[in-house]
Amino acid sequence: SEADAAAKCIKGDRKAPYTLGWANIYSVPTWMKQTEGTIAAEVEELKKQGLVDKLVITDAQGDANVQIQQIQSMIDADVDAILLIAGSSTAPARVIADACAKGIAIINFDSLVDTDQVTAKINTDSNEWGDTAAKWLINELGGKGKILVLNGPAGISVSDDRRKGANAALAANPGIEILAETNTAYNVAPAQEAVTSLLFAHPEIDGILSLGGALSAGAILAMDKQGRPMVPITGENARQFLELWKDKSLKSWATMQPNWLGGFAAYTAVQALEGKDVPAFVKVPLPVIDNSNIDGYLARAKDFPADGYIFSPYDEKLFGELLAAK
Amino acid sequence: MNGTEDTRFPRWRAASLLRNRAFLTVLIVALVWIVAAFAKPGFGSYGHLRYLLELAAVIGLVAIGQTYVVIAGGIDLSVGAIVTVSAVGVPLVALSGDSSGAFAVIAILAAATGIGLLNGLGVAYLRIHPMIMTLAMATFLQGVLILIAGGTAISAQNPLLAWLGNARIIGIPAGVILWTIVSAAALAVLHATPFGARLFALGANPLASALSGVNVQRTTMAVYAVSGLTAGLAGVLVLGMNGQGYVGIGDPYLLASIAAVVLGGTSILGGSGSYAGTIPGAILLVTITALITVVNASAGWRSILFGSLILLLLLLSGRESQRR
Amino acid sequence: MTLQPIIAARGVSRSFFGNPVLQDVSIALLPGRIHALLGENGAGKSTLINLLSGALAPDGGEIAIDGKVLRKLTPSEARRAGIAVVQQELSLTSELSIAENIGLGAFPRRFGLVDYATLARKARAVCALVGLDENLSTPVGDLPLGRRQMVEIAKALFREPRVLVLDEPTSSLSAHEADTLTKLLHRLRQAGTAILYISHRLNEVMRLCDYVTVLKDGKVTADRSLQGVDAAGLVRLMVGRDPGDLFPKWTPGKDCPTIVSVAGFSCGLLRDIDLDIRRGEILGIGGLVGQGQEDLLLGLYGALPASARQAAFNGTQSLPASVSKANALGLAYVPADRKREGLHLIHSIAWNMMLPHFGHASPLRLRDRAGERELARQLADRLSIKGDLTRQVQALSGGNQQKVALAKWMPSDPPILLLNDPTRGVDVETKREIYVLLRRFAAEGKAIVLSSSDTPELVHLCDRVAVMREGGIARMIEHRELSEEAIVAAAMGAEPARSAA
Amino acid sequence: MSNLAPTHEDRLYWPVQRQRNRSLYGLFVVVAAFVALYAYLFPGLLSVAGISKFAQSWLPLALVSMAQAILMLTGGISLAIGATVSLGAVIAATTMMGPLGVPGGIAAVAFSGLGIGALCGVIAIRLRLPAIIVTLAASFIIAGLALLILPRPGGAIPGWFSDLLAGNTPAALILLILAALLWKLYLATPLGLSLYAAGENPVGAYRAGVPVDTARIAAYALSGLLSTLAGLFIAAQTGSGDPVIGNAFTLNSIAAAVLGGVGFLGGRGTMRGAIAGSLLLSVMINVMFFLGFPPVAQYVAQGLIIIGAVALPEITRRFRRAR
């Protein structure tokens, strides 16, 4: 009954076992494939508990419009919960509101939507990401130096948020000079190309503020190929980058967008459907990788694809704690 | 009234060079390099230009097949996916006994050629429009990629790839040398063999070609197979240069290859053109991209600048001649 | 005669890339007069009418309409002044219907929209004039070449022209259709239309026209009434010397073994045909336009799927399944629609001549450039194709294009030639050369199948003529019985009582 | 045949239309089969709400396919469709809440589309540059403009306007029918019919007095208009603007048009084919969902369906011939 329902969108009229829908934006990239792995694993777990009987997955092939269409299909098929990585931070808002009105639990993770018509949003804080990364780099450079800023694709909220997060720290340190900024896909090859050109144009570079994905690996490969001395660089948990870090003894700092956000979203959806109260926003603390714990990550490297991401360990206990934290 | 050599086949004149699209594109590349070198210190350094050539080599290799296909009156929208499949696939077929990596590379090239053959099969025998056939093939390959993505790579690096990606022979990157050799072969096949002539025939008028005894179907198959092969080769090279392949690595090469072909003066309608123009076309593209990278402007402005530059250079390099 | 010309060119000249094509040419078109424009292939006839219709601008000289000199003539101005042109190369849109093609560029409108009812009415009227009875909604792409030519003529009539220019309108028409056209032109002449008529069929010109302007190498060499001029005189005007006979003397072939034989042959329109083709003979294929002549040639050539109860091809007991197989069996085909089927317009003359070689040579052997040039030069000389062989074929005049389409088969010396209207749009001199060539081929023991819309050609050149009608062979006429009347009668289905069955 | 009543004789329009369906029956059958399958898998489709929702997801693709088909009919092509859609969405989302209001916003979107399209057309045609690369360059410029206007997803559309177009109303379907009717109307104008002639045989058409260049430039302008209108609809559908929302439409529009039998060289194909092609692409997504295909199978099936739809006529032709 309605009274039991605590979380948003939940009407309490749905009974286990549930059908979960994962509205993926693009299932081809390795990060997505790893994320799908954590969802599938969690769903297996939940199936054993008799809570879930089916997981349906759609792939919008990178097209936010197709994603809307597929979410509509999920509504039509009356799934019990939708897990969503949004292809656009605004576009799915209306179709999500429709789903919410139908009592479907909506757990939005990784790429978030600018609407509150969802059961829960699960993510790390992109602003904090940019902020922490910038502070680490500024600290490393002693508040003075010339840097490059590597951003993800233009026009995407995540990359914009990370960059905005870095603003305050950069503004507070006038000694830091931004030589150039780039926007590329979160991939090695385009980053390597861009950084190579920038290295030629700027003979003196003291640090690189790289805001995600495989950008850092691309930057290091570019410097290495030119025989330039390595400079402090921020990054993410891409396996290739972590291996280069160790290999070239870099001064680095990395954080991550843990792939288990997916598994966590599946867990949260079921909790919400089961009538548990879940917070509207679950802020997942950013795990930090630095010289103190990098070996631990690299020790597990072989369990991850060569072009994949080494994420921190997780279990249902961690999920429970994250949900409990207010 | 027998024609003498000169009236039948007029002597080559220097003036005609200025109407040659390929040559004009070379001039434009040189111009852009010179201007950029003065405007942005470091841009014109030898190392940078060499690096640009190395990048152009990948586009250039993909564009060999694309040039062939376009001249033969088609288009290949699956090259990006083939590059990715090849770059991601090499480590997966690595055998323990294959220490040099040659086997893996050859196996992947064969697979890429096979994919191209399938494209050709659809276009030639099922009469599927090339755009549809190759687009569907690209979609299909995406499915394949989901299967093989994240497949644990035993060793992404093998000696052959390392050599391709890093070796310099008398200062010239191995990739550029590979490109040079393959280009020479491609040019020779295109302009000095009956097979090349058949491509021009097919693109200009397939019906008349068929009635003149050109085996349209077999030629079409061969053309797409070549495109698969060169895209596969580009995938291997890009894998060597990046040390590692990833899903999506080939995506940028689809539009780039088409743009290089058209910038180089090959008619998108088929039947005329040359790979000789595509080569500077590819170099031009990476040069503009690099130039835009070092310009300090917002993403929006950089995009506008990039588009405007292409348009401007297109104006310089000449116009589509009137057809039909 | 004090009539004022409707349109007149005075001293116009025009050159392409520095080559003068027309020099100081004057011509005046008077109402109620059929004016012939003659000249060899490439003399500049089509170029002249392009100037008259505003499609091209002259480099010098002036064009006057109703006595008023115009500064610049555009196609739409010319149309408004009542000038309509039937182009030599068809200018139709295949996806649009017959009616829409006829109205294109001059649609009747209502509220800014195409008025389909009026269009249908007026289009039907002009179609009736040219004897076109196809459904008006049929896409033009579905029509055979000859029918398309009639649409092109109907399109010109649709504009109710005061000046009608026809550039080789009969080159793909059979005698019967040409007759319809003749009657039509007579009617228009009576109504006071000025008509400019270009043709390489001189008997037609003699029959139809009142006045002639002759172009030679871009200059006017004669401008006079046709009264008192005979065909030989006309040729003399054109080529500047005494003509010989157009057709070579026919000699009966000795001992002609059959080289191709089919029984129960079906293909496209064709149903169950029996046919023997013999070495050393020219087998003519006649009939009204579109009775299956083309399907017969293409079917034999392996270009259309065909079936036969029995087939023997140069020693093989089956139909060639593909063009390459047909080529290997020694067949060659020269299509009628040279632009679509015969030539690669954007490629050079020499390249086009080499194409069959490229088709069967081993693909990755290096080409022998010098050899190719030498061969191209020889072929060009043999067919008197003048000038630079590196020019694109599309820059050639229609007749010269036809020569290129024929020339490309000569190097492989095929024993069986399938020719579909090979002299379409070819000037008399070249025709004569082609005829001599064909007879010589026959004498050498080749088999030649010649489908033609030019009945005299069939009568004087062929050993036998198969007249086609509705997908079958209506009558096989042996040489001694050949006459234009016999062919036309068989084509129309008016089989003479003493049938040769 | 001449004894038929003259009124009957003068019927030309519909017979012409029927002729244009001929080569498309195969595609129509495939599309109908998929729609039927969809309705079978999801019976809710056969309600006003079901149809409305489906039409909303189909409309943008249908509009861009029309935009692409118009160009391809004239022998052109555009790689800037996706960027233009994004620009339309961005302009809508930034103007409609402002002083211009909804009508002003619609006008701004429409004029920018017409203007940008016409400009591309003038550059490609008057300067005789290859359309494919002109529009590729234009796509970067237009995408840049969209990013300047809205550097990240945002902006807003008045709620009532969104509800009107993309709520539980069949507005999308009505708009689509309206677009098709307007296209028919355009094709019934002399300029519209000139498209075919200008595409297939520009020289002949020019000599026949067809305003070839005008027809082509008009095609580019209309194509731009349709693209930005698709963007406007997406903005309404999503309630906001996104500067990269249209990216996927470039290739999809080409795929739909070619699938619908529109030729690459100009003058070949029909708009109804392009629309049917877009319907197939769109309905396929839903059918695969309801069949429960995992992503790998979605990709493989999509490739096979597209190939199959095009190859079917050829295969059946061979089959018939073989018998």
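Order of writing sets the labels: A, B, C and D. Residues in every chain begin at 1.
Basically, a contact is a pair of C-beta atoms (placed from the backbone, for glycine too) under 8 Å apart; a residue touches a chain by one contact, two chains touch by 3 or more.
Just so it is clear, the structure is predicted and the values come from calculations on it, not from any experiment.
Peer 1: Which chains are in contact with both chain A and chain B?
Peer 2: D
Peer 1: Which chain has its C-alpha centroid at the greatest distance from the C-alpha centroid of chain A?
Peer 2: Max centre-to-centre separation from chain A belongs to C.
Peer 1: Which whole number of Å gives the spacing of the CA centres of chain A and chain D?
Peer 2: Averaging C-alpha atoms per chain gives centres 35 Å apart.
Peer 1: Averaging over Cα atoms per chain, report the distance between chain A and chain C in Å.
Peer 2: Here chain A and chain C have centroids separated by 71 Å.
Peer 1: Just curious, how far off is chain D from chain C if you go by their C-alpha centres, in Å?
Peer 2: Chain C and chain D have C-alpha centres separated by 42 Å.
Peer 1: Cα centroid separation between chain B and chain C, in whole Å?
Peer 2: Whole-Å distance between the two chain centres: 43.
Peer 1: List, in ascending order, every residue of chain D touching at least 2 other chains.
Peer 2: Within chain D, the residues that touch at least two other chains are 146-147, 151, 201, 203, 295, 298-299.
Peer 1: Got the chain B residues that touch at least 2 other chains?
Peer 2: 142, 146, 299-300, 302-303, 324
Peer 1: So which stretches of chain A touch two or more other chains?
Peer 2: Residues 27, 61, 154-155 of chain A touch two or more partner chains.
Peer 1: Following the definition at the start, I'd like every touching pair of chains, please.
Peer 2: A-B, A-D, B-C, B-D, C-D
Peer 1: Please name which positions on chain D make contact with chain B in the complex.
Peer 2: 79, 123, 127-130, 132-134, 136-148, 151, 201-203, 251, 254-255, 258-259, 264-265, 295-300, 302-304, 306-307, 310-311, 314-315
Peer 1: Going by the contact rule at the top, pick out the chain C residues touching chain B in the complex.
Peer 2: On the chain C side, the touching residues are 301, 303, 322-324, 326-327, 333, 335, 340-347, 350-351, 354-367, 373, 376-377, 380-381, 384, 386-390, 394, 408.
Peer 1: In their complex, what parts of chain B are in touch with chain D?
Peer 2: 77, 122, 126-129, 131-133, 135-137, 139-140, 142-144, 146-147, 255, 258-259, 262-263, 267-269, 298-308, 310-311, 314-315, 319-320, 322, 324
Peer 1: Within their complex, state which residues of chain A touch chain B.
Peer 2: 27-30, 33-34, 61, 154-155, 180-183, 185, 187-190, 192-194, 196-198, 200-203, 214, 221, 225-226, 240, 302, 305-308
Peer 1: Considering only the defined contacts, which chain D positions touch chain A in the complex?
Peer 2: 42, 44, 50, 53, 57, 60-61, 146-147, 150-155, 162, 166, 234, 237-245, 247-249, 252, 282, 285-286, 289-290, 292, 294-295, 298-299
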